[in-house]
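Which chain is which? They are A, B and C, in the order written, and residues in each are numbered from 1.
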């Protein structure tokens, strides 16, 4: 070897005992779907089939909701809050015990690098359960009124980008607040949710408190429209979020929605440049850019744009694209053929509309779904790649001359989920944070998540917050809001 | 011939280790049935001095650990205690003369108290801190911060719960503690220190002394390195004397009712307010 | 001209450097520490690390016997395996230089450099006259490399012109005979901004290598500090075309630590710096751990300290 080439460092798959098939998890047991339908889930890095999971339709949804309602009325709402909390602590601890297994299954099913599942997804998921376990018997102190009440039975629909983590963001606060749930994982990433069902069994969680129903968009709609659901919690595209808002408009149901984003990552001329480069790279290439709060627009102050771009390109050529099970992989597989096509279609408008595309040289595997880390320079606000959420490893680069102009461009979008600010000057950071219309503002950092930190968007990025004291509100009956 | 038990030697808990009193003294503890149980250490003012040194040394690391980490450790204490329930039940029965059923309730409440406070560690500033809307272009926030070294005179009875109820809220926020156990019912405190020693609690965060209250209280009151005191185990008169001498470094001295409440955590914290301009 | 030689021009240049965000730098270093270096790449890294070691003894109790034993170890780290490369250099106090050079030459180690610490190492607290004599002694004794310390007191009190001048003077004494390593003592500089500024200052004054620490103060060569120094040599190269070397010293005890350093180099300054002419590791105990790891790769089982020589 003439240079320092990292040899293959594969994580072993042996720890993952993926069954050949899974039923639906309803009433504390795995049951076959009433109509016996099922569908496959594949590994997007290799296209091989991992398992066959049940397809839940209206009848199964109905069974699941009934199970959740019975559990709520007869068991969960009657249980002393501190005992409820202890179940959540047990779940947190079991997730920590089985962390490696979950990380491997997550990477196989989702395509994200094993380093990310291992170091980010799974630990954060366990932390969410741990954090919310502590709230269960302290709701009086949450600033939401004395003796706040749960909403009842909650329907939850989660996306494929952080399967177990999104499940934790939904289930942990719901249960801590005293609700029971029916959760539908994403069509392409059901496996860690089904393993989670096993964890519920290991924790001794009472039957029906958590129900997992696998399926597709039709399954999701059936859940949203079920008459005995009190609240919907949804994370996914803005388009579907709006459809849900319409569906429930004539009902008493409340909803929290975590939708899309097109976040601006503002780099000022007084930024710590090397760390800003890491923040830019992390902002758009972490998780293959499949992040609602991704920093997908780089807004760099024009007087440092050349320097930033040169350093960015050099840094991007260090990004290792490939086998997600290799511990040194930085950028894994795109989650599905469908998502890959979407990324390609929107990115191609970048070329068509006159922006300049650049990617470092990388060897993409022949099987599976892959996209190289890509930047477009010469982008303006009117380009599709500056407005539409691509949800892939594609960064649009724009410039600004003055701070005010930077803020204006950053806010010039129907989204408002997140933003990044890079500057060494404290007052400027706080000034920018005040001006930016975004629910989460990262200063001199990016993509940082914590169960104690509320997350959610302005405008068409959704309704409500998840995490922290504020995140509990969505799962407790409002003291004052009327629903019909 | 029936088997002879190996009786436990009860020592002090200082800096994560189990030393005897530097004075070499012990005193006798008999059970409720007047039978001899043990000779726990009779701590001297020098043991107290050493405990405070250990507590001070451990404070910074403990306060700067993430709240999540502290919460995990307090929960771990509960896990380890749960596994040792029987040991605590036996000890309480022998000491207090109560039934197994009554002792079990006490032990379970003690375990659940650790769990309760564990869940508070990372929620304190959400609940007690604030961003203050001042009139001017300033970002102004208030956040609670641990005091430092807090001395605790544990409740006399219940002998185990009286220790846990006073100790957990003190350390949840990052304070380190020097706990003086009940003079008449000291043993569960020492057995608890065995749990602490095996629960990832860093050495020095909790220090436990057994001995004469009248001997130790004045030294606690006058020690300039002790920042706060919970006087649960003191008489009214002892409390007043402590407050008199504690005024020399304005110790934060409190007596709480025997319940769980976040105020017990916050009373041993300081509220810090920071200003920063907002502008270009 | 980057600077015109005046203290004010130097101050302005240094203060115009971009700031370092500590949390960001720590996090980049931590991410690079997760690289998993196995099998062939591990074998390559171990041999490269061995060839980069500046095998060091800087103790008051050092004697001729100790230094000669170190020389033997430097030339043939593993007497049972001649495929193991020799180390990069020997590092000793300047009154041991002659002994080391003579010994190395007589046991087949004429290609191994002798580095001498100088300028009132480790504190740097002496007059410039004493520091010059100190350095000259080492040069006269045959040192190939001089590891000098900067005046941290002067740096921290803002007298950076003095710091600059001292380096220039010592560099002049080195002439063509010795390359100059400038020790920043990053543990005393504390902030990453200071490390960045001191790195540039040293390079502008003529350093051939910038070195983290004396090894007598902790913290020494932490990953984020080495990261900042590698960024400095990378950017200095882009600015001037000159490649300056980096030497972490102190606290690098295990093979894992050494490999993490090589990853830092690889993904910061780049592969061009992955050779002993541009990267050295100041260490003593590290060498035996490298040898044991090498044995494990060769034999497949965990090694024992009984099978490596103590010196």
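The rule we apply is simple: a residue touches a chain if its C-beta (ideal position, glycine included) is under 8 Å from a C-beta of that chain, and two chains touch if they have at least 3 such contacts.
Computed from a prediction, not measured in an experiment: that's the story for all the values here.
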- Item | Longest centre-to-centre distance from chain C, chain (CA-based) | B
- Query: What chain is most central when centres are computed from CA atoms?
  - Reply: A
- Message: Distance between chain B and chain C based on Cα centroids, please, to the nearest Å.
- Response: 48
- Go ahead and note the Å separation of the Cα centroids belonging to chain A and chain C. 44
- CA centre of chain A versus CA centre of chain B: separation in Å? 41
- Task: Provide the residue numbers of chain A that touch chain C in the complex, in ascending order.
- Result: 1, 3-9, 115, 119, 270-276, 278-279, 318, 327-328, 424, 444-445
- Message: Please output the residues of chain A touching chain B within their complex, sorted ascending.
- Response: 82, 85-86, 89, 127, 130-131, 133-138, 141-143, 403, 426-428, 430-431, 434, 451-452, 468-469
- Task: Give every residue of chain C touching chain A within the complex, in rising order.
- Result: 18-21, 23-25, 27-28, 34-42, 44-45, 48, 231, 262-263, 266-267, 271, 274
- Query: In the complex of these two chains, what residues of chain B are touching chain A?
  - Reply: 67-68, 71-72, 75, 112, 115-116, 118-123, 126-127, 139, 262, 276-280
